[in-house]
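Each of the next two complexes has chain A plus one more chain, namely chain B in the first and chain C in the second.
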Partner chain A sequence: MRDVAIVAAGQRQQAAFTDETEVQILLPIFEQVRNDTGLEQSDIGFTCSGSSDFLAGSAFSFVGTLEGVGAYPPICESHVEMDGAWALYEAWVKLQIGEIDTALVYSYGKSSPGSLRDVLSTQLDPYYLAPLWPDAFALGALQARMMLEQDIVSRDRLTEIAVRSRDHASSSPHAVRKGDATTDFVEASPVIADPLRADDCAAGADGGCVIILAAGDIAKNVCDRPAWIRGIEHRTDAHSLAGRDLLSAQSAALAANAAGVGDDKIDIAELHGPFTHQEHLLETALGITDETIVNPSGGALAGHTMMAAGLMRIAEAATRVSAGAGDRAVAHATSGPWLQQNLVCVMEGD
Partner chain B sequence: MTKLESIDYTLEYPYTRSTGPVWGPFLTGLRDGKILGARIGNKIYCPPLEFDPETAAAAEPDLVEVGPGGTVSGWTWVTKPTTKHPFDHPFAFALIVLDGADTAMAHAIDAKTEAAMRTGMRVSAQFRDERVGAVTDVYFVPEADAVDQEIAAGDEPVAITIHSIGVDISEPLSPHRVRFAEGLRNGKIIGQKSPTSGLVYVPGRGYDNMERVRMDESCDVEVADVGTVVAYTTISPIQYHGQTETEPYIRCSILLDGADQPLGGIDIRDMTPEEFRTGMRLKCVWRPPEERDYSDLDNRGGGLTEGVYERWEPTGEPDVDFESIKEHTW
Partner chain C sequence: MSEPSQVEIELPAEIRDVEPVQSIRTPIRMTYDYIPSSSAIASLNAYAEKRILGGVSPIDGAVFVPPRGVDPRHGVATTETVDLPDTGHIGSFCVTRLPIPGREDLEIPYVSAWIFLDGADVGFLGLVSGVDTSEVHIGMRVKALWKPDDELGRTAENIVSWIPSGEPSLPFEEAGVRGYRKRSGAKGSDPLA
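For the complex of A and B:
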């Protein structure tokens, strides 16, 4: 495997970017990662982004956002209608093939102008599920109740995860829900969809995330301590509900195993769990133990920018490896109902 | 005068999908008051699948009837239904294993109160009076609440299903768009001059897309409402969902005097393609201020909303030489 690393990462996230377009959200982040590395767009071999037209409310909206990158003179570029973590995977494959030595990956989401619970219904099976418009909270709650009733997780454990997120988020500049990290506060949070309370559900946010990948010596030249990608895999569960076990995160476990998560001690894990019970499922699927600090950023619970929350997990983990806060980290991204698709990325510092 | 503050619209994707050999009979069954499952190996899948999700084995061609009774294996209560939901009052979304089936179906239960819901409860299918061959033709109630129904079978098998996705968007107009709209209200076209390159973009985007720098109010400049046609095409409307145009018209880009970027998407309805040409000089004829309508102005459009002008009329000046505008033609 070719040595490929994350050499710069930046993000912006807040509850709503009311006065900024998607490009305006991204421009300062592009500038930051360029300053961090000294790489200009002309030095970038491949640019790949992730976003959703359903959030932007406009077809081919990603084409407009390319203006923020600097798409003239023409660049080599691609887009996925997925979380940016999958855009990063596409770029990583291109780096492995050896076509390029550097890549710029970004994703963004501005869900505040619309109703995210409705938007997420549109991703469901269009024959059997989507016409009923089951929203994301309802689907999450249905799974949570099954887990509670079948003792897969306890109520106290869900509270513990929510408290942990608030606690860690307090020192995170990008978190939108932080502080009040007490059991009493979380237990008093209003019910959104029984049994899920507000604090069991990820806090909605607008934002964007940008990462630069580089191979070999270039990575060493532009970054003091690159976060080397030692394994990156993604897997998906069955499309049909009939093929799903809602009491586990099977494809996350498969991806984690393939990426070699369990090969050595994990210092830091950044998990993309849109709900507390799903964060619990992910810890189980990835085999996370007490040796690991889980979601030092607060995780997706503390701020969930649709289409970027997964790439943000990778950014958070990589930034901590580069800063020396850990030697080996795992980041996870998810997409689809009930953790349907999962990507796992293992990173190490030198 | 229309509001400048926000834009409200519905993003619509109307999908029509063919139903195929398994989903078609299932949806036909719902229309005709029956719930059908597919046999794959030793299991009955309901709703039916065309193939086994684990082994990819094909379903047997004939579906089998299941239900109408079933058992709840998971549920949640919806306290505030949206207008898209199957009920306008609180209800449950649930996983239901129908009698005779081995897999769960996600559907809605009209249980009246949350207290009536529990895992393991018995429910029964009820059919809507109006059925169209969709999964919404059926719903469930607690078994004790079920009533006998006489359902008349329809004629043709369900071969197509229509799923209209509509998502409501309500977005504040960006500050630079508000200033652009205010200009239009006053009969002025406001662009933005790049602090880096000095080039003038119309309308301003709040950033320079070439130099990748942000542009704020201090970059705003007024450009002329007179300019040169740099590109055009004739559009013959195709009647797709949502199309409001019926007659052919010209869509052009105009490089306004004082601007370095053409204003695109300007529609001309009172000139023929024979008399229209690149290089001709046009002037905006504004609607009276009280009649100017900005309601279709959004944060992403690059043109000038048609609600603010009557037409663009030739100034009578000589055409502009192609060489001097060729950078802007495409």
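For the complex of A and C:
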């Protein structure tokens, strides 16, 4: 495997960016990662992004954000209608092939203009499920109810995860839900979709995330401590919800195994769990133990920028590895209802 | 190519006499609260006063219309805006001879054109009227036909169409993006040149 590392990562996230277009959300982050590495767009071999125009209801916003990259003279680029973590995977494959030595990966989401829980219904199968408009919180609640009734998780454990998120998020500049990290506070939060309370559901946010990947010596030249990608895999469960096991995250476990998560001690795990009960499933699927700090950023629960929350997990983990807060970290990204698609990325510092 | 094989399907008795589903309609409607960005709001407000704003590049002063808060060539924010005249020329155009669903108000054939305002470095789409389609040409000088003052809103639709101004045409080599390349010395191949 060719040595490829994350050499710069930046993000912006807040409850809503009402005054800024998607391009304007991203512009300062592009500037930051360029300043961090000294790399200009002309030094970048491949640019790849992830987003969905359904969020803001704005057609071709995914083309529009290329205006923030500086795509002139013409550049080599691609886009996935997926969380940016999958855009990173596409770029990583190109780096492995040896076609390029550097890549710029970004993703963003501005879901505040619409009702995200309803917009997400449009990703369901269009014949049997989407016409019924089961919203994202309702689907999450079905799974949580089944897990509670079959003792896969307890109400206390869900509360514990929500409190942990608020606690860790207190020191995160990008978190939109932080502080008040007490059991009483969480248990007083209103029920959104029984049995899920507001604190069991990820806090909605707008934002963007940008990462620069580089191979070999270039990575060492532009970054003091690159976060080397030692394993990255993604797997998927069935699209049909009727064919799914709600009590485990099977494709997440497969991806984690293939990426070599269990091969050595994990210092930091950044898990993309849109709900507390899904964060619990992910810890189980990845085999996380007490020696790992889970979601030091507060995780996706503390701020969930749709289409970027997964890439943000990679950014959070990589940033901590580069800063020396840990030697080996795992980041996870998910997409689709009930943790349908899962990507796992293992990073190490030198 | 062989014919698809006909498979006999035995339906359960309880649905045997039910009319088979040939197709379903599942209409989808989603509501968004769109808030234009700061740059778009300034531009839309200006339209209400029959003014057209452009965004100025901090790199080389190139003018983009409408202003979207960014110089897309360099990926840098633009904050300065400039008032542009409502006169310009046709950079390229298309004559359409088929009706568009929902735009029955458009008389066929109609001309849509890439309008380059005087002082702007990029064009934007507009309708051309007041001239026979056979006379429309690249470099043709045009001016805005505004709606009556009492019908103006905060919208680019205030400009009904672009009509010939009667001034001498620009040479082909200086019209549209060719003009930008000539002025700026920009490299790269122009498939239209």
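Definition applied: the second predicted complex is superposed on the first by the 350 of 350 C-alpha atoms of A that agree within 3 Å, B and C clash if a C-alpha of one lies under 4 Å from a C-alpha of the other, contacts with A are read in each partner's own complex, and residues count from 1 in each chain.
One rule holds for everything that comes next: a residue touches a chain if its C-beta (ideal position, glycine included) is under 8 Å from a C-beta of that chain, and two chains touch if they have at least 3 such contacts.
None of these values were measured; they are calculated from a predicted model.
Participant: Following the overlay on chain A, give me a clash-or-fit verdict for chain B and chain C.
Facilitator: clash
Participant: Return first, second, both or neither, reflecting whether A:63 touches chain B, chain C, both chains, or no partner chain.
Facilitator: In the superposed model, A:63 contacts neither chain B nor chain C.
Participant: Who does A:93 touch here: chain B (first), chain C (second), both, or neither?
Facilitator: Once the two structures are laid over each other on A, A:93 reaches no partner at all.
Participant: Going by the contact rule set out at the top, does A:323 touch chain B (first), chain C (second), both, or neither?
Facilitator: neither
Participant: Is A:242 touching anything from chain B or chain C once the two structures are fitted on A? First, second, both or neither.
Facilitator: first
Participant: Under the stated touch criterion, name the partner, chain B or chain C, that contacts more residues in chain A.
Facilitator: B
Participant: Report for A:115: first if it touches chain B alone, second if chain C alone, otherwise both or neither.
Facilitator: After superposition on chain A, A:115 lies in contact with both partners, chain B and chain C.
Participant: In the superposed arrangement, which partner chain does A:73 touch: chain B (first), chain C (second), both, or neither?
Facilitator: Only chain C is touched by A:73; chain B is not.
Participant: Now for A:149: first (chain B), second (chain C), both, or neither, which partner does it touch?
Facilitator: first
Participant: First (chain B), second (chain C), both or neither: which does A:193 touch?
Facilitator: Touch partner of A:193: chain B, not chain C.
Participant: So, does A:138 touch the first partner chain B, the second partner chain C, both, or neither?
Facilitator: In the superposition, A:138 contacts chain B only.
Participant: Chain A residues touched by both chain B and chain C?
Facilitator: 18-21, 23-24, 27, 30, 54, 56-58, 64, 67-70, 72, 113-115, 118-119, 122, 126-127, 130-131.
Participant: Applying the document's contact rule, which stretches of chain B touch chain A when the two form their complex?
Facilitator: Against chain A, the touching part of chain B is residues 9, 11, 13, 15, 17, 19, 23, 27, 45, 47, 49, 53-54, 73-79, 82, 84-86, 93-95, 103-108, 114, 119, 134-136, 161, 163, 165, 167-172, 174-175, 205-207, 209-210, 212-214, 298-300.
Participant: Considering the complex alone, what residue numbers of chain A touch chain B?
Facilitator: Residues 18-21, 23-24, 27, 30-31, 54, 56-58, 61, 64, 67-70, 72, 113-115, 117-119, 121-122, 126-135, 138-139, 141-143, 145-146, 149, 193-195, 238-243, 246 of chain A touch chain B in their complex.
Participant: In the complex of these two chains, what residues of chain C are touching chain A?
Facilitator: For chain C paired with chain A, touching residues are 24, 26, 28, 30-35, 37-40, 68-70, 72-77, 187-188.
Participant: Please give the residue numbers of chain A that touch chain C in the complex, ascending.
Facilitator: 18-21, 23-24, 27, 30, 41, 54, 56-58, 64, 66-74, 113-115, 118-119, 122, 126-127, 130-131
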